Amino acid sequence: MNPNVPVPHDIPVPHDIPLPMPAPEPVLVAVLIVFFLMHIAFVNFMVGGALLSFIYEARGLKQKRYDRLAYEIASTITANKSIAVVLGVGPLLAINTLYTVYFYTANALTGALWVSIIPLVVIAFVLTYIHKYLWHRMEGMKALHLAISGVACLLFLFIPLIFLTNINLMLFPEKWGTVHGFLSALALPNVLPRYAHFVLACPAMVGLFLVWLFRRRSDAEIADTGFSRAELIRLGYRWAFWPTMAQFLVGPVALFTLPHTSGSQAGAFGLFGLSILVSLALCVVMIREIRGPDGAIGRMFGLAASLMLVVVVLMGAGRHLYREAAVSEHREMVRAKTLEYARKAEEARRQAASATAAAVK
Amino acid sequence: MDFPVFHLDILGNRGLIATIAILHVLINHGLAVGLMPLVAAMEWYGHKRGDARWDKLAYRILFFAFLITTTVGALTGVGIWLSVSLVNPYSIASLIRVFFWAWFVEWLVFITEVCLILAYTLTWKKWATGAAKVRHIRLGFALAFFSWVTMAIIVSILGFMMDPGNWLSQHTLWSGFTNPVYLPQLAFRTPLAAAMAGVIAMFLVPFFVKRDDPFRATALRAIAVWTLVAAPLVLAGGLWYYAVVPEAMRDNFGVALASLQFAEWQQKFLEIAVVTVVAILAVVQWAITRPQLLPRVVLIVPFVAILWMTGHFERVREFVRKPYVIGSYMYANGFRVDDYALLQRDGVLAYATYSNPLTDAEKAGLPEGLAAPERAALLTRIQAGKDVFMNTCSRCHTGHGVNSITGHLQRMFGDQPWRSELTAGYIENMHEAQPFMPPFPGTARELELMGAYLEHLQHNAAPIPGAQQAGVVVITPTLRAALTGAPPLTQASATPLTRETSTR
Amino acid sequence: MIAHALSRLGAWLAARPDRLTVVNALLLTAILILLGSADLFRFVGGAAVLLCAAAILVRSLRRMDGNPLTLHPYDLAVMLAPPAIAAALAALAIILVVGHAPGSFAHTMGLVLFTIEFALLALGASDGGDGTPEAARA
């Protein structure tokens, strides 16, 4: 943006909280990125696990062994969902601190849906518990049992949309004056492509999670499922492979619909581009695993997981650079205005104090 | 002023926080902090005695707690964050800047706690014998310890909000952490959690052990002894807390005026605490002496008494804090004490970022027969008055719902017209008559504008929407001039911000 | 009519001896309250509480066979904590009753507390094996 072009008056520039940051900014950024990625990985396991469990339970109506597979997957959700929630608190704390003005503004503008995250997640969790712990007792009422799983899936798919809408809205102060509740914030460009990108990541991540799970299961446990180990691992890889292939389409759409920002996006684009290259490598590894002989499958899991980790880290870092590009200039204005306000407050305080002193005399 | 105003006009903003927070406190104290040591102790005792019935009962109680704490418990904890950041972003943002590391450590402990409860519950049946069982019991006590530590950290922040103590001069985390109300409050909450857990566990026993099983009486007696030992400590902690609170009050009020009303609250808290403790003791001793003769409904008595006491305790805690949200630093309306001089000189609207647009329903009820320009001028005044109200009152008061401003005015002025002079004159000096109210932060003209809005509310019962429904209007210099009725813009404030001017 | 009610009452009391114990304790308390003398309350009430507590203590000691260390801490707590706390609370109740004017909150709470604690102590003192913890009996 040209430095001499005035910022339009309808871009709000609030004051920030006039207390120093509790830690150097890079530390807070590190907390935000590292723990957010951990959080989102478990969210992917949770959402993807719920979806896969639903799909396989439906298939299990015809073929019993798929029902057992669905139960195996459902059993992992309990732990994954608790870890997903608890890992979310740290990044929430960090984003509260780093982006106070932006984050709280977006929250307030979509407040009704924002706070309803709590009851929605509670309901989704209770449904997953019912789904898992009453699995065998509800054998006789499969339709109801599947419906419970379906509702939980829908909730799990909807809740991230609320977060995404907020995280998107906070980046664009020029939109704050035009938003009327959640739906209009949802309609901002880029929300839906980013959402599609997230949804596709869920089966991909849980696919790799299943490969990890079935590699370490004992032979007896594998035999119980009615599948061979190679079948199960291949199944996990397939879930990881095809959605990742689809990301080569959805990812660029999400990338090119990113709104223009005042700061430079070169860094963010560089990282995203790099992550596309690494994803290609990941896909090559996975296709070799899928096509390989039964005896060798799973050998390259370490490599695949590491490549996925690199992709995720690049995405997280790129996302942060884009966020900085979007708000950095505005944040400078906020900073200047906050300082100015503090100066005026100090001056007014002195004025009032001397007026009181004069009155006493 | 700097954030769009989230507002719930029926339940009230504090109602939202209170609902979530009280639910969280009950689950945290009753099903986590207090219950985990009890469950671990039962498992340990059963193992020592080689009696599987203890193990079975302990597991059932734990599983119940697991279901509730990992759903409603964990999420209401996050819900406090979400709701407080909506209702009073200024205070929570300030607290985070002070307590970031405390919360961060608390979070790490919380992660540990969640991992432990997952491990403890999910390995119960696998680690059932020999060395594995011993390890499992240790896991249980570790879980109990970490549950307590999370509470011990959070209680400090609650204490800080009542009386920041040395933080006001030193501004360090440690000086804030070791505030004067901390230890007494912790000493009160710890046995309270144990007693609550005992009462809840006693309530659960009849669901898990059949009536004709003699073990039911044995288990009831055991849990009753646990509760019995905690109950006197609740009273002792409560008395200590009761003794330090007036000190904190004096720091906040600075006026002797409030002491009468406060003394009443304090006395009531003490009486409720005594009645509660006696009720717990009576039921618990009954359960010890004649467990087989204890009807299940009687267990509801101490449970309700504990709810009543906890609820009242949290209200006293809130009351003591007033008129501040952070003692002597920030008023309950979200304005810093240090900014008052500026705001009372120039006005709140002079620095507000957003206006809260009137909806069509809110525009109804204007006097009949106004010409178009008069109507427009009146609406501008009402709009400005609404903005003052939303910025200075709406964190605690609604228009027509819980703790409504119209309810208070109705009580004071009845059906006579709420003229601007009347209400403005009252609000200007209100904090002297009622020291738990913060002083009005704006100018005399803003008081008058708000008076016009309050007068309008007498004829308009439409709920006031928050920014989450109606959105916000960004205040441009033109709009600001219209709202404040200020003289034409000076050159300096008319110059739009550019990169050059903003980074100077 | 009255005679009939009394005989039913007598039968109800005789059905379980501990009912009679509780009624006796309640009657003593009622008499002390009606007399309204702080000194009598202190001495008679205090003596009654001491008597019960001593009886329970002697019985508990006998059950330990002189060596409390052989018991699990929980069993020890179950045996000793309830009567000890009851005795302490009864003493506290006497202090409250004697130290505060009749009609005050503290006085009333003191009376309530004393009634409960003394009845429980009397019951505990008269107990044979009925109220003992199962684990200790085993």
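For clarity, chains are labelled A, B and C in written order, and residue numbers in each chain start from 1.
Just so it is clear, a contact is a pair of C-beta atoms (placed from the backbone, for glycine too) under 8 Å apart; a residue touches a chain by one contact, two chains touch by 3 or more.
Every value quoted in this text rests on a predicted model; they were computed, and no experiment measured them.
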{"item": "Core chain by centroid distance, with centroids computed from Cα atoms only", "value": "B"}
{"item": "Most distant chain from chain B by Cα centroid", "value": "C"}
{"item": "Two chains sharing the most contacts, counting C-beta pairs only", "value": "A-B"}
{"item": "Interchain centroid distance [CA atoms averaged], chain A/chain B, Å", "value": "29"}
{"item": "CA centroid of chain A to CA centroid of chain C, Å", "value": "62"}
{"item": "Distance from the mean Cα position of chain C to that of chain B, given in whole angstrom", "value": "42"}
{"item": "Where chain A touches two or more other chains at once, by residue number", "value": "none"}
{"item": "Interface residues, chain B side, partner chain C - complex", "value": "41, 45, 48-49, 51, 214-215, 217-218, 221-222, 225, 228-229, 232, 271, 274-275, 278, 281-282, 285-286, 288-290"}
{"item": "Chain C residues touching chain B - in the complex, by the definition given at the top", "value": "72, 74, 77-78, 81-82, 85-86, 88-89, 105, 109, 112-113, 116-117, 120, 123-124, 127, 131, 133-135"}
{"item": "Residue ranges of chain B in contact with chain A within the complex", "value": "1-6, 16, 20, 67, 70-72, 74-79, 81-83, 85-86, 89-90, 92-94, 96-101, 103-104, 107, 110-111, 114-115, 118, 122, 173, 336, 338-339, 341-342, 344-346, 351, 353-354, 466-478, 496-504"}
{"item": "Of chain A, residues touching chain B in the complex", "value": "1, 3-23, 31, 78-79, 82-83, 85-90, 92-93, 96-97, 100-101, 103-105, 107-112, 114-115, 117-118, 121-122, 125-126, 129, 176-182, 184, 329, 332-333, 336-337, 341, 344-345, 347-349, 351-353"}
